[in-house]
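A single structure is presented below for examination.
Each chain gets a letter, A, B, C and D, in the order it is written, and its residues are counted from 1.
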Amino acid sequence: MTKSSLKDCTGLHVVAQTPFRADGALDLDSIDTLSAFYYGHGARGLTVLGVSGEQGKLTPDECIATAARFIAAANGHRIIVGVSSPSLAQLVTVTQHVMAEGADAVMICPPRGTQTDDDLMRYFDEVFARIGNTPTVLQDFPVHSGVKMSPSLIRRLVEAFPQIGVIKEEDLPSITKITKLREELGTNVRILTGNNGLYLPQELARGADGPMAGFSFPEMLSGVDDLMRNGDREGAHDLFDRYLPLLRYEAQGEWGIAIRKEVMRQRGAMECAALRAPGPVLTALDRAEIRSMIDRMGLEFKFDNRSAA
Amino acid sequence: MTKSSLKDCTGLHVVAQTPFRADGALDLDSIDTLSAFYYGHGARGLTVLGVSGEQGKLTPDECIATAARFIAAANGHRIIVGVSSPSLAQLVTVTQHVMAEGADAVMICPPRGTQTDDDLMRYFDEVFARIGNTPTVLQDFPVHSGVKMSPSLIRRLVEAFPQIGVIKEEDLPSITKITKLREELGTNVRILTGNNGLYLPQELARGADGPMAGFSFPEMLSGVDDLMRNGDREGAHDLFDRYLPLLRYEAQGEWGIAIRKEVMRQRGAMECAALRAPGPVLTALDRAEIRSMIDRMGLEFKFDNRSAA
Amino acid sequence: MTKSSLKDCTGLHVVAQTPFRADGALDLDSIDTLSAFYYGHGARGLTVLGVSGEQGKLTPDECIATAARFIAAANGHRIIVGVSSPSLAQLVTVTQHVMAEGADAVMICPPRGTQTDDDLMRYFDEVFARIGNTPTVLQDFPVHSGVKMSPSLIRRLVEAFPQIGVIKEEDLPSITKITKLREELGTNVRILTGNNGLYLPQELARGADGPMAGFSFPEMLSGVDDLMRNGDREGAHDLFDRYLPLLRYEAQGEWGIAIRKEVMRQRGAMECAALRAPGPVLTALDRAEIRSMIDRMGLEFKFDNRSAA
Amino acid sequence: MTKSSLKDCTGLHVVAQTPFRADGALDLDSIDTLSAFYYGHGARGLTVLGVSGEQGKLTPDECIATAARFIAAANGHRIIVGVSSPSLAQLVTVTQHVMAEGADAVMICPPRGTQTDDDLMRYFDEVFARIGNTPTVLQDFPVHSGVKMSPSLIRRLVEAFPQIGVIKEEDLPSITKITKLREELGTNVRILTGNNGLYLPQELARGADGPMAGFSFPEMLSGVDDLMRNGDREGAHDLFDRYLPLLRYEAQGEWGIAIRKEVMRQRGAMECAALRAPGPVLTALDRAEIRSMIDRMGLEFKFDNRSAA
């Protein structure tokens, strides 16, 4: 893998959870298990410190330490680090540190309030004046950021800033936006999808290059992607539909992340399922609900770390 | 049915589409077919002029005409009319007219910017000073309205304003909020759910009294509700899961409404699937995608209006 | 005055208050007195049903009735009617009615959520497909609307839609935006200013064509405009500074409107100072504060309607 | 001065600018000059790293370094450090460091999205569980934060968390909110005001304990406060009105901060007027406008650092 390039950035890139201890401290050791879990289930790379990686709850120092540990455990896989911040200085500092640690790329979502096409161009002018040639994933996620980017503006950005090699597309309906982006951008840029994978088969059919999402059964995400790539559309849908009840259940914002971490803990991916406070805490009722859903699905549950790549 | 009461407001209340002609004019005639479609698939009542009923695109006169036609076609079913507006005068005028026409209740979501508990109490003070004893559904839908209401505030509202007989709960995760609301409110108030029914089995298990949502196959919504009511949880989940791929596909904001209307048109529920402009317009690709999904599901598709109740 | 043109739309256009009775009913009769007050203090025209005209609290019927009465009392002055609405149908209906009544132009601020340059172009495509050649004031007021428009986008709009003859510019800092707009637009378009006139001398010096604002002493707004037009910059500043303590006091959102209406009532401009509820209600302390400010300023207070044009 | 207490926190507390070099690096050396400038013009203390201190553009390390330098230059004056952050971990880390450096208190504005009374109580539960007895200024600034707090909620907060010794009140109209807060809170809590001091005389008359604001002529802010304290209301208004044209000119958001820094640079308060990029950059026209305003006001301009306390 050419570290400096996002040209071949296709296939599953899991948006990784960040593991914490019960007291809220970072659990760096679990990153090794977690990485093995992701790679053992088909991830070609990881996006660490995304929204569902609880990036917003960390200090910059913690961000750098977390990314460094994922990089150390990458074992040849691509590591993309979320560095979005209302503070450009913080974005730049974290970028410099994680690239120095060996990250492959950063992911940036423009900050709330960047609201006209010209303001967006200027924002990335400022960004790239500071981070230079750093390979970059542009995150299009208006529900979270409040920033809307039209397909024509995204083309302007991609043309002005060749550092942008991937669009993480999660502006709803992502399905139709991917169609429009493919018309605007051709195939020079990779488009990966988000939104917890909830529209994955259709997104892939419309030209996406793979999922960049999180799910407690990443083998579904990679499996659907492989099947679609091999032209087995029916097989892809069958696989997707089998997991859909749980996928939909996890797609409930921060509370869904709590669910996802709990399932992943039960699967052996990490020690402790806690989100860093303040955040949702699962009740006995929630846990019973999870258990009932898993049982219904009849899924192969336990992950054996020893079998991971 | 006691017109003046929401006490027995349980079971499926479909959030109804508003039918338009291709040129954007109201298609009042289709309201009769549409009503038959809903009632023929298990709706005990309708909520007309909700968000997905495109209320925000109508003038007050059009709102009144639309509601009046649904009321005329109600055939003993309950009609709840969405009257939310940034203008209190408009809310009051429409309420007075539709109640005079024979509506059973109105639904109100507090307007954007009503942001503290005290402001919310004051807002409903002003509302009920003007609409008196009108039975009211309180809509809790922060993703759309920007207004957050805590369980304790909802209890204050329910205690202060006995007109509020139903909470339409769609603050995500609605699942846990329903649990909290049941703890706060007991069983004196009905809780119906929204969010396109995407979490319906869990919501019912946690104490909701039925769905208040839209879907192109309302027989699934009523069917799941009936099965849960009869204690057949597995059956309910089986039914729900069968439709989930399409349910999820329709849950894509205004574009999802365009999908829903197209499916419903194909099922014979109305003449024309157009949303009032400005709004999404389906492409050939979109239509093919819908067709492929319906085919996969192997659903009984066509609705025979003659068999409707 | 050519009714159909905004080319000569310069000088003071007061953003008019809407008079209500104590019970919240429209006080249409006071519109005659109020119009005389405005024209007697230098207004060349009025913008009725703007934000501070409490447009958002009226029904469309009330909007039309209010505009009609201002038009009847116009006496050769220009009447611009605010028609902004989240509902395009409502915007169109009110536009058609008020233009039929004899309004000179409408004012439109794009609705919340219209967030990319392309979306803004599309929005006005939809608008002008419906209201045709109606002369239009484009309101640029992001603090209120949440919509940001860059100078280059405003040029695109002005070039695509010659109906737009005036920009009401109140994006802070309006001072520098006026400079940029003049560079983009040349002098083909009129630029009037808002923000309660709080930056009027600087705005005029940078190329604005006059104020479109409200103040309880409109003679200051017209006076500053006249002095600047005649090249007496020092005189303009002296006049402005004399009224500034009160001007600043009135520039406090909706509460400032309550102040303004109370001062105008005391000056004989209308019968009752009430805002339509829900809205702020002045206390004895507030009234004493106003009185003390007026006394300090030593202003000629009473307006003699008989001397009005 | 008792370091641990905010009980006597009255009088002018300037919201301090953060000085940068032209290249955007922190200019820590200018903090000494700047501190002398503030104290020489009547400041009893400083609030560093507020919104207009460009806190949002710094990394946590830079925040700590900046605060430490202000603390080193405090010379017995009170130093309050703005620590608000969407990241609670960052808030806590910065709080611990600056309190260890010798800060007197921190200032906290709840983060965007904290929207119900219960959520606000929970947020501060989480905060004070981590920062313990740290004396705290609660910032009520909804225009910036999007968070609204009612007077009754502020009382709940003050009663639950005795660490809150000061309310920085800038919810418009701050005038009437101060009246309501005094009714709710009595005189147990200090209320300082913000909004660039634009409503200072009225705010003090209604019970505020002093300004916590920035202005390029802080001697006006301290002077008005002293005169009001001594019962010379007319004198206070006279002094205030004299500076009002410039005060209003500086009250233009981030661009106003650029103006303020330029005037302060000309007065000798710091080396370089630059804001950290991205941010507004003054043009020749802007500078001429400033000059003209200063000339009109006939102000004593130059600050002699040697005379500072």
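By definition in this document, a contact is a pair of C-beta atoms (placed from the backbone, for glycine too) under 8 Å apart; a residue touches a chain by one contact, two chains touch by 3 or more.
Values in this document were obtained by computation on a predicted structure and should not be read as measured data.
Any chain that touches chain A and also touches chain D is listed here: B, C. Using the mean of the Cα atoms as each chain's centre, the chain most removed from chain C is A.
Across the two interfaces under comparison, B-C and B-D, the one joined by more C-beta contacts turns out to be B-C. Between the Cα centres of chain A and chain B there is a gap of 33 Å. If you average the CA atoms of chain B and of chain C, the two centres end up 39 Å from each other.
Centre to centre, using the average C-alpha position, chain B and chain D are separated by 48 Å. Across the complex, chain B meets chain D through its residues 115-119, 142, 148-153.
Across the complex, chain B is touched by residues 172-173, 175-176, 179, 198-199, 202, 205-206, 234, 237, 240-241, 244-245, 248-249, 252-253, 255-256, 280, 283, 285-286, 289, 296 of chain A. Every residue of chain A that touches chain D in the complex is listed here, in rising order: 56-62, 86-90, 93, 112, 122-123, 126, 276-278.
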